[in-house]
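Chains here go by letter, A, B, C and D, matching the order in which they are written, and residues are numbered from 1 within each.
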Amino acid sequence: MKTIGVLTSGGDSPGMNAAIRAVVRYGVRNGLKVFGIERGYCGLIDGAIKELNFASVAGIMEKGGTILRTSRCGEFFTREGREKAANQLAKFGIEGLVVIGGEGSLTGSVTFHKEFGVPVIGVPGTIDNDIAHTDMCIGVDTCLNTVVDAIQKLKDTATSHERAFIVEVMGRESGYIALMSAIATGAEAAIIPEVPIDFDQLAERLLEERKRGKLNCIVVVAEGAGKAEEVARKISNKIGYETRISILGHIQRGGSPTAFDRLLATRMGVRAVQALLDGEKCATTVLKSGQITLIDTEEVISTKKKLDLSLYEMCMTLS
Amino acid sequence: MKTIGVLTSGGDSPGMNAAIRAVVRYGVRNGLKVFGIERGYCGLIDGAIKELNFASVAGIMEKGGTILRTSRCGEFFTREGREKAANQLAKFGIEGLVVIGGEGSLTGSVTFHKEFGVPVIGVPGTIDNDIAHTDMCIGVDTCLNTVVDAIQKLKDTATSHERAFIVEVMGRESGYIALMSAIATGAEAAIIPEVPIDFDQLAERLLEERKRGKLNCIVVVAEGAGKAEEVARKISNKIGYETRISILGHIQRGGSPTAFDRLLATRMGVRAVQALLDGEKCATTVLKSGQITLIDTEEVISTKKKLDLSLYEMCMTLS
Amino acid sequence: MKTIGVLTSGGDSPGMNAAIRAVVRYGVRNGLKVFGIERGYCGLIDGAIKELNFASVAGIMEKGGTILRTSRCGEFFTREGREKAANQLAKFGIEGLVVIGGEGSLTGSVTFHKEFGVPVIGVPGTIDNDIAHTDMCIGVDTCLNTVVDAIQKLKDTATSHERAFIVEVMGRESGYIALMSAIATGAEAAIIPEVPIDFDQLAERLLEERKRGKLNCIVVVAEGAGKAEEVARKISNKIGYETRISILGHIQRGGSPTAFDRLLATRMGVRAVQALLDGEKCATTVLKSGQITLIDTEEVISTKKKLDLSLYEMCMTLS
Amino acid sequence: MKTIGVLTSGGDSPGMNAAIRAVVRYGVRNGLKVFGIERGYCGLIDGAIKELNFASVAGIMEKGGTILRTSRCGEFFTREGREKAANQLAKFGIEGLVVIGGEGSLTGSVTFHKEFGVPVIGVPGTIDNDIAHTDMCIGVDTCLNTVVDAIQKLKDTATSHERAFIVEVMGRESGYIALMSAIATGAEAAIIPEVPIDFDQLAERLLEERKRGKLNCIVVVAEGAGKAEEVARKISNKIGYETRISILGHIQRGGSPTAFDRLLATRMGVRAVQALLDGEKCATTVLKSGQITLIDTEEVISTKKKLDLSLYEMCMTLS
């Protein structure tokens, strides 16, 4: 293999730049020509492709977002789109691909590999932490710290006004961010897609704690489990607190990556290039107990990541 | 004067604790007995009053919110409410009051002073920076840094997806936070209560910049000038960007205070106690060119703080 | 088991308070009486022991350091000292102990358990990450982020002045912090106890990069591998940069814990109490691939944690 | 005036990039050609000069350091050096200069202006806050927040181990950073060049507080008032605490600028270009009570900035 390409796809997550940097620099150091493909699969289809060298990726590790930009590319889900993409690869002489992104992006990579034979290594980058077989995805740690920081700020003002806050965080399918941030901030409850919630019971518990002297109340809701406004409507008049809502929104995607995400992304980026050099065809880099290894991408996308529900218990027990 | 009281009132702002600490410690060092009054004027009416000493305020300077808690107290706007408050002061032997809060709180302090003669020194604590005669209010600097940090995060993801973000920030009457954060983040525009906005013209300008190659667009809206959603509706289909909204909400009130707010609050707290000891009756501590001085509170509340509109020009010129 | 004690021992690390909170609250929820022992084994010997309840640990999770305080206790390394400690346990009716600390503290716990039979569960809290069988220790993640943040600041000024910085970080026996922070900041080199360094070769490489146009140079040294001043003396006149040193020192121990450390500490604290309830005698909580499990403490202290040296290569390859 | 140049000189300070951006963009918007001069006066002498446009300064506001780099340039203090500099200006057609830097840089600008007639507007950028006639210099606020953050981290570990920390901070001539950070963190004392210190008296006071139950002790020393090690030697065996030192060093110069520094720098940069357009010859932009105005540079450099020593009292009174 002499020439590879790298792209970021789907929702951006902090640390993607560290992964790009690692792919480019490790590739170049190992004699490869490395192309950067802009705006995910869309740029692959359009030929928005340019060579990157050691200097192109200087100073990007600490930046949020992705310098290659990203997109959700409908056209790549069509056979025609993928054919155009394959033609672009041929045109630029790209023999292998590193795809940094979430579940949809990995799924696309499998289809593309099967149809056109091009080796594709996936690197799991998504703040949802919903990819199986890896302990963590790139961006999750930064996102979690952003959420914890925001909730801590809300607690300041919640206590001062003796209020409840219903905080809506990211997580369409997964309650990971909601549950972990709830534990890490001592929130009273997390409402997550994985566990059905009895609002009356919740309200009762909160009222109980209010009576025992609690000065604030934080309930974290994963967007996939309900809207903050809905939750507020259902419980606010039963819990004894004045209630406010806060939707954290897109700040959860940004920010300079944490040390953890920089290291994870760097190691996964390096491992992805090694995999291409080793002749791997369609695998994904994963973190297992501190080691970066490879798992067949089909295996990854066909498994549903499970949330450890004993943590759900723990959240309630400790608050 | 032997005994004073201190309370925080209205919306909380970061740095209020540093002011409380300064009032208590400077008071105690100068032989005063200092009472902390909980939940603003409400606690004054209810007699939620307890003595504070040097140790009671240890380790609170770095905390957001207010350990005395706060409220917007309707009852204090009635003559009966204020009478109850005056009785409580008599009961606890409190001869002078330090009121930390925004414009409403200062207004209340003037009425109360006029009716019952009790000396009241105001300390301007509000993230709105809408109090006249002082360069800054306690909490504004921290709030501004929180907003700048959040917008910076939004820019990361805005650039990655080539999107526009309409960011709604605090400021019911004042565009200070919106305008300053727009300048400090290089946002494309600020929409503020002080300046009428021509949405078509704005949209045209943004479209122009998009065509010239800009990869993101940030518009900051003060809540008093419109809702983020409205703004998005009015411009999103004319500017050439996919548009998202972000309402920063209550995180703007929280957080460990910046160095600036800790210093400002500490100095104002000390100055307020000095004022009581000096026999001042109804004044407010203000910051003027690095010095803390006193201004008659009636003068303060009867003046409208003006925003320097040359900064509005500057924002647009530089983005 | 009806009554347990918890202490923090050795160097403090961020997250210890989250562990204390979890031990206390999980204990209380499960019907235990929980005593907090001050200043590590010293307080155990002196009887500086007091009961903690749900409220005692409110609001401590986000604080650096340890509310129980800590010490390195020489007397506990004597038989007499440990006998006094055992007597105190008897006096307070404490039937099991949770010890949060580093390797020395765990070693002490094994001796104590063997001599007096008291069940002791270890919780690995140390910023050195030098404890075997666990993926991470409490405090390491926060420390690493503090170091990365500091080095990023040094890079700003290094680039502005075209300088080299030799940065000394913690790690007497382990190069973990040095190596990981070097990778996460794109430093030119890490000097660590695990790998002998050829200073001439290093200087040559740095000179080479300087000639190729690099505008700054960061070398991270673990304190166990040499002093920053020494390193500067050995290479500064050969690398073509003006050189400065920076010793990060004790700021590495402080700071509000990251989300990772809060979660790790909370989960380990809960697991430690469960272990005591389950009748475990002398085990340590460890993190393995996202799960918290137990390992015999003797096994833990008799194994030397190895640093993954492929990361050392990677650091140099990517900078 | 059709063509101007901008340079940064002396020690770098956070916010310099925001000033550069403002000079370039405001200049370009007003029809000027703007040249960036590298490495301060050295680059001016060497002709390291290149045109900057709107895009050259995109995304730099949030970065620490200075993209133009900086130096302390001995040659500019010679007549020959300044002649070379004047020749370069002529060669590039530069008719006016904006010099961003500290006192030495402003002094150089006066000499240069007097000898060669070129209009030079100074912009005070230095973390020392030792420039007269301006409430603040660019970089001071960021530096102060970095110091406060670091001391807060030291307090965590100081309390946990019941230790004293002697913290050395920047400030060769001025105790501003030391004193302000001491107040903002509740440190026990500040040792500054402006006030002679009686070490025995200090030690006695600290011992007194230790006896009253204080669990930590922080003493902040400005580098111009002594070395941390010396201070530790003089007091450590008399204060009843185990003592550690921490030299914060160059991290104080770095970091993404705070909102305050971004705004100050932006406004001063704009004002500097306006001054050149208005025909000013040798003035410096200053902040006075929230307004940016101009003061004759000779006036600025011939005045010594005074520290408000009532704050020194306050520091001790409140701790």
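Everything that follows uses one rule, which is that a residue touches a chain if its C-beta (ideal position, glycine included) is under 8 Å from a C-beta of that chain, and two chains touch if they have at least 3 such contacts.
Model, not experiment: these values are computed from the prediction.
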Compute the centre of every chain as the mean of its C-alpha atoms, then state which one is farthest from the centre of subunit A.
D
Go ahead and note the Å separation of the Cα centroids belonging to subunit A and subunit B.
35
Go ahead and note the Å separation of the Cα centroids belonging to subunit A and subunit C.
28
Report, in whole Å, the distance between the mean C-alpha point of subunit A and the mean C-alpha point of subunit D.
40
Contacts with two or more other chains, residues of subunit C listed in rising order:
152
All pairs of touching chains, each written as two labels joined by a dash:
A-B, A-C, B-D, C-D
Contact set on subunit A toward subunit C in their complex
21-22, 25-26, 29, 61-62, 135-136, 141, 144-145, 147-148, 152, 180-181, 183-186, 258-260, 262-263, 266-267, 270, 288-291, 308, 311, 314, 317-318
Under the touch definition given earlier, write down the residues of subunit D that touch subunit C in their complex.
8, 12, 14, 16, 39, 63-66, 69-71, 146, 150, 152-157, 159-162, 165, 215, 244-251, 253-255
